Amino acid sequence: MRTRALLALPAAALLALTACGGSSGDAASRGTAGSSSGGDLTGTLTVFAAASLTDVFTGLGDQLEKENPQLDVRFNFAGSDALATQITQGAPADVFASANDKQMKVVTGAGLQAADPTVVAENVLEIAVPHGNPGHVTGLEDFANADLTLAVCAPSVPCGAAARAVFAAAGIDARPDTEETDVKAALNKVQLGEVDAALVYATDVRAAGDRVEGIEFPEADEAVNQYPICTLKAAPNPDAAQAFVHLVNSDAGRKALTGAGFRTPGS
Amino acid sequence: MSLAVTLTVRRGQLTADLDLAVADGEVLAVLGPNGAGKSTLLRVLAGLLPPDTGRVTVDGDVWDDDGVHVPPHRRRVGMVFQDYLLFPHLTALENVAFGLRTRGVRHPEARRRAADWLARVGLADLGGSKPAQLSGGQAQRAALARALATEPALLLLDEPLAALDARTRLTVRAELRRHLAAFGGSTVLVSHDPIDAMALADRVVVVEDGRVVQEGTPAEVARRPRTDYVARLVGLSLLPGTAEGTTVRLDGGSAVAVAEEAQGPVFVAVRPESVALYLTRPDGSPRNVWPARLVGATPHGTAVRCELDGEVPLVADITAPAFAALGLAPGAEVWATVKASEVAVYER
Amino acid sequence: MSRPRQGGVPLPLLVPAAIGTLFLVLPLLGLVIRAPWSDLGARLTEPGVGSALRLSLVTATLATAIAMVLGVPIAWVLARTDVRGRSVLRALVTVPLVLPPVVGGVALFLVLGRQGILGRLLYEWTGFTIPFTTLAVVLAETFVAMPFLVISVEGALRAADARFEDAAATLGADRWTTFRRVTLPLVSPGVAAGAVLCWARALGEFGATITFAGNFPGTTQTMPLSVYLALQSDPEAAIVLSLVLLVVSVATLLLLRERWLGRAAAA
């Protein structure tokens, strides 16, 4: 009686493992330019995407799941640098969407892409201040004010690299109090009212709604972040990967992106 | 400086109900079997355990009463614990000085007085040693010095000799008697060993199941035991004599060989189970061999308690089968032997 | 002085012990083997490394000191008194052990941040805020590391013979004097062991620090934060930083030799 139970354990484990891995080649791939994916994708789709794409991609992922009830879309949103490192270390991702070219080059430099990346969106920096602007921030030059509590992203993160570029372009000696590891963390500090201002993306300001006010500044155009996307060569679920990228590039995808504050390439 | 105690204390299954008084300079021994409530009594007197009801007065000061409980550190009490409890991280000198330092005596003065006390208990050279480096007897003496150094009104001793081996017990007991005699306050000594009580106490109180079952001088209690426990306890033979080295000349005339050297007037004490009986004069190692006549035999549990008369009157406990095998009966002439090492001697 | 028992190690103990040791040691060996030995010198003298190390050592030591001053009394209350609600107190004190450090950081924000319950008052009265300062690092580290000290000291107190305290009482020592002159010296090995654990935990703290104190070189960028950031842009720098942290930790633990921790280990 006991031995049967013991044998059942490894069998169950094996079953669970195979179920987790994506099924390959099950569904007939239907390459369409439209947003519909045909409804017969199965398994799991793992998308590694920059933190700033959280809301847009989550919505698109829901749509894909609705069209393909047997598909489970999973996201890993983080700083693009962390994601690129994870992918080069062998993390099992199907799709990678980076917040700048530099991090995408890390992945393509290692030859891990299935096809050339395409740029799906652009993002510019905007100053985010808490509701009511308690620090009375008016523009980028306030970032040199040591009396204010200010946040930017760490230089190794695309948002932080962009911040450096705009400060240089404007000739400002910035005095931030903290260099956050990703843009959502910086935005968080603004939402909590713990910092007087942070340099985040326009999309983040849009996403935070009433809790945060945005201040645009002209130097932002000096550092436009392009968002390339690609499917990965070692993708466990290549069909779903392609379907997702098509969805992002489709009209529905573009509408979602611009609605969140991104610019589409070439606009 | 005297102690008056009336108390009731409930600890687990035991209810202790006691009424005692000890005068200045007097040593009261509390005898009783384990679990009788003796240690509880000491803890109450020390202030470590408040009584459920009752009153403890020392020197006119009320230490415990309805609504009154003076905490231990404000009582002028000195206590020697069964395991001595010398602070392991302090030297012997620092241990003895501890009670003085807590009462505000400055370092140099405290050390001087502590060194004085160590010398008085014969540990003058060991002040710098840690308790772990002291032998059992030395630790006992250090613990005593520590308790006495604060000049308490009440001295409490919890089984002071129990942790020592038989040989050390003899010497330490004798010294303890000297120190207690020199101590001006009241002393309460708790023991399960009747020899301690006999040797050290002016008065004995026997406690069983939380109640006093007998009290009196050691001699009175020994002579007229009132309960089984006491009787068994004091089946001791207690003989007065004069010691010259390792021989004691009894007042009756006979000589008793003992293991420990002594001088002057002493008591010789022999436990009933240490006495062996023979029908003919034995040739063996014990140097103490006397003729005796069996004058009484009473069953005593699995043993037979034999009263022996003769030049050395003794009480002997013999197993019932042995009693039968020897064909003993009252009036029989026998030989009694006791090993010198099993004879306790202490100053009278 | 204790001598180890004679005789070999029984096989059923030796095999798991060997496996466990390998499991713990191999990753550390990996660090050593893969370190960029050729340019180690140049990397070590980069300014960021020195300041991060100095900051880490100073904050960890301060955090441990605070933990000892506050934690030993807590341990005493837990081990030596009958106050009601002791078990609740013990549960609360150990919560930081099971709480994800980031959650701890957020919680600290909610109380001590500029908008926090207490922080708000501090800001209004003095204009001083705690987040993004070195003080915040110390507080975050204390929060996560103090439970180690409390548990260790409570254990030592319980194992210690309380009868020595009875003896001290009969010698005229009130509870405070007894604690100072008898209890504390007797449990000092346990306190030392707890302090070492606390220090090590504080040194390695990341989640609460980065959330509450933020990240800025020299002020709040401790070694773990440096490693995390370096990993994303310059993995070799990350290895160097990790190696430095490893060497410092091992050296410290070796200095606090078994002899001083001996009684606590035996207790």
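For clarity, chains are labelled A, B and C in written order, and residue numbers in each chain start from 1.
FYI, contacts are C-beta pairs under 8 Å (C-beta built on N, C-alpha and C of every residue); 3 or more make two chains touch, one makes a residue touch a chain.
As the structure is a prediction and not an experimental result, all values here were calculated from the model.
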Separate pieces, if any, that appear once chain B is removed in thought: one piece
Chain whose averaged C-alpha position falls nearest the assembly-wide average: C
Farthest chain (mean CA position) relative to chain C: B
Separation of mean Cα positions, chain C and chain A [Å, integer]: 35
Between chain A and chain B, centroid-to-centroid distance (C-alpha), Å: 86
Chain B and chain C: spacing of chain centres that average the CA atoms, whole Å: 53
Chain B-facing residues of chain C, complex: 161, 163-164, 166-174, 177, 181-182, 185-186
Footprint of chain C on chain B - complex, ascending: 46-48, 71-75, 77-79, 81, 83, 85, 87-89, 98-99, 102-103, 146-147, 150, 156
Residue ranges of chain A touching chain C (in the complex, touch as defined): 79, 81-82, 84-85, 149, 151, 154, 156-157, 176-181, 185, 189, 192-194
Chain C residues touching chain A - in the complex, by the definition given at the top: 109, 113-115, 129, 131-132, 210-211, 213-217, 220, 228-233, 235
